[in-house]
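Think of it as A, B and C in the order they're written, each chain with its own count starting at 1.
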Amino acid sequence: MTTATAQRPSAPEQAAAAAAPLLVLRDVVVAYGAVLGVDHVSLAVGRGQLCGLIGPNGSGKSSLLAAVSRVGKLSGGSLEFDGQDYSAWSAHRVARLGFARSFQTVRLQEDLTVLENVMVGADKTRLSGATVATWLSSLASRGDEAKSRAAALEALDQVGLADMRDRFPTTLSYGTQRRVEIARCLASKPRLLLLDEPTAGMSSAETDEIAALLMRLRAEGLTQILVAHDLSMIHSVTDHVFALNFGKLVAQGRSTDVANDPVVRAAYIGVVETVEEDSDG
Amino acid sequence: MLAEQLLVNAAVLGAVLTLFALGLSLTWGALDVLNLAHGAIFVASAWVATRLANSVEVPFVALLVAGMAAGALLAVVAELIAFRPIRRLISNKRQAELSMVAATVGFGFVIDNLVGRATSHQVFSFPIGAFEFRQYDLGVFKAFNIEIIIFATAIIGALLLNYWIMRTRQGMAIRAIAFSPRIAPLLGVKVDNMAALTMAVSGALAGLSGSLMVVWTSGMDISTGHSLLLRAFAIVVLGGVGSVKGCVLAAFLLAAVETGIVAAGYGSMRDAAAFSLIILVLLFRPQGLFGTGRAMRA
Amino acid sequence: MLHFLASWEVFFQTVLVNALLAFSVQIALRAGVFSLAGVGCWAIGAYTLSILNLRGVNTLVAIVAAVAIACVVSYLLSLVLVRLRGLYLGMATVAFNQMVGVAIINGGELTGGEMGLYGVNAPVTTLQLVIVVGVVCLMLWAMERGVLGRAYNIVRDDESLAESLAIDTGSLRRFAFVLSGAIGALGGALNAMLLGIASPTDADFPVIVIALTMVIVGGFHSWRGALIGAALILWLPIGIQSFGIRGMHEWWSVVYGALILGIAVYFPKGLLGGLQKLRSLVDRRAVREATP
């Protein structure tokens, strides 16, 4: 390794780096005793991609997401983010890499206002290891609190909830609460967004708004993984889809191809219509 | 003291602890409820049996039944005024645990003070003459009839309890609740009724062990309940929550260790056995010897 | 008037010192750490101070030593109990407290065995107590705000969520654990100074019950709750007695137990939490009236 001057990567090297996938899973296994919730899944998510993760209930989607964010356990295989193997890292360390995720159930703090809830997401850029150091530094810098606040307001704007900022989560509709959660994710300026059924329980109008938001974020270059049951949303929003069944990756590709894949359709018993491609691509 | 006699002591202590700890383990395993008033119920039931013995001439069995009834009643009261409302009102698990601890501590405090008032805060004991002690020479060691009764009762009680849990419909219902308190009602299990029944059995066990113990020892007071509670916790943790055989084994093990410590002259350290056991088990095998592994819910 | 103040001064001092006990439990619970080890540390603090004072050590040094020892013990304990949660953690800390009690009783000459230690001569004024408790309150207040306040909120209610938000839950929990021990020890030391004695009952079950009660009644989400709880619980026996209803004062312990029971079930966040609920109800009503 050169020790003198750091060499600027050449243009081809930069291009190659930009083309390298952001997230790579190799042979990931999540075992619950003898049962494999995730069974040797390998996949790669490209930078700026909006990927869908589909599969019937119990197919391992949430387990996979949990393992990827290291909040859940990883029984085997490796996880790599931007070239960094993080399989052995703790969840909070991984989060600091730039992961933000939402969960299947709404997890907001009841005794914090919407703004405060979202600020927690923004805070994450300030919390360091040792608690005492954090505490002393938070006492010392009033400006940081303002920065968190600003980032939180910006995120709330993005989901269109700026006027709800002083409300308490329990006074909001379920769909609105979910949007607050998404704002919390966005407030941390993530590099990878993991959304677990973000539009479950939303009206179709809200779902469309979220879909539009996700597209905007994609246009800004944010890499996203979206777990969803709503196949039409998946179809309209994603670049690439991964299909799981019984913990195994059974298909991947464009959403229409995956939806028409006989193995996938067999897994989703009852899917009758073929998903047609839009005429405008 | 002869080793054989120590063995008898340990066996009887273990028997009392078994019955008491089984009551705690039952509600903890089935209802996720740690009844910290269990010790107070023990003492109160013992007091009831003592009072009855002081007032009327009844067969010994009647005294035991009275003690069990008192225990069952108090436990059901706890269910109605503490556990049931907590189940209904508090959904956050952490919060519920905290409230349950505080509520049972409060309830136990009330019972303790009522018993204390009734006994003028003195040690109370079983009236002399109310029970005819007889000692039998069983070759290897000598045992009193009460000691044999206690030991036999514990073994039979454990077997009956195990049968009830494993082989009857009610037991199945209770196990269903233990497995999933939210799904059980969907299967037709009336959770409230089962909870009350479970608490009643648990209280009866406390009452039974209390009534037996008060005859065997020279007297008891409120602090007996506290001491027993901590040891019962150690036993349930060691044996594994919800496991009958684990409870029995752990109870006799603890009794043996404690008897040994006292016999070796370290009486003031007796309680340290239970506490050390708690910490050791929680560190190295939190699910206990025969537990189902639900030990730690983060 | 002066007589009135004088008799209330003792009460006031007791409340201040016991507030520290309540704080030690509150700060752990607020972080979601079900630890009652602050009580054991209260005893450690009382005995450390007494032992050192009886050997002529400067009072301030003795206090610092008491707190420091408690910090070390708490830290080690936190490592040992790291994987435990909820009830299991709670009971393990109760076991720890009892072990402190056993160690004290078996401490021979050093700890005075069953009798405890007498003749501690380290007088403390009410003003000094107010300042100490004031500083602790300030510290707790600071910890309830901003980044740390929000972080602890989440660590308390939802650990895995906290982790996913880049919050080092392990570090925060350990910190709360150690601080709980430190404040408990401080309280114990001051109590020994106030009473002039250290006794094995300082780690006993009743102390644990009282500490828990103060926090449950007041509300464990904030230091204010612990303070309210401490004052209320200590005032209660006096209050009931002074009401003078015939025979009522004999039943104060029943009232006490019933109060704990009632609040634990129906006001799980304590009186302070009850006030907050009221506030959010008002908020909801305002929203309902505002939306068409």
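The criterion applied here is as follows: a residue touches a chain if its C-beta (ideal position, glycine included) is under 8 Å from a C-beta of that chain, and two chains touch if they have at least 3 such contacts.
From a predicted model like this one, the values you see are computed outputs, not experimental measurements.
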{"item": "Chain-level touch network, classified as line, ring, star, complete or other", "value": "line"}
{"item": "Pair of chains joined by the greatest number of C-beta pairs in contact", "value": "B-C"}
{"item": "CA centroid of chain A to CA centroid of chain C, Å", "value": "41"}
{"item": "Chain A and chain B, separation of their C-alpha mean positions in angstrom", "value": "50"}
{"item": "Distance from chain C to chain B - Cα centre to Cα centre, in angstrom", "value": "30"}
{"item": "Per-residue overlap in chain A, given as positions that touch at least 2 other chains", "value": "none"}
{"item": "Per-residue overlap in chain C, given as positions that touch at least 2 other chains", "value": "157, 160"}
{"item": "Touching residues on chain B, where the partner in the complex is chain C", "value": "34, 81-82, 85-86, 89-90, 92-103, 105-110, 113-114, 117, 226, 230, 233-234, 237, 268-269, 271-272, 274-276, 278-279, 282-283, 286, 295-298"}
{"item": "In the complex with chain B, residue positions of chain C that touch it", "value": "29, 32, 34, 80-81, 83-88, 90-92, 94-96, 98-99, 102, 105-106, 156-157, 159-160, 205, 209, 212-213, 216, 220, 250, 253-254, 256-266, 268-269"}
{"item": "List of chain C residues in touch with chain A within their complex", "value": "142-143, 146-148, 150-151, 153-154, 157-158, 160-169, 171-172, 174-175, 221, 276, 280, 283-284, 287"}
{"item": "Of chain A, residues touching chain C in the complex", "value": "69, 71, 90-93, 95-96, 99-101, 103, 107, 109, 111-112, 116, 119-121, 123-124, 126-127, 129-132, 134-135, 138-139, 144-145, 148, 167-168, 170-171, 184, 188"}
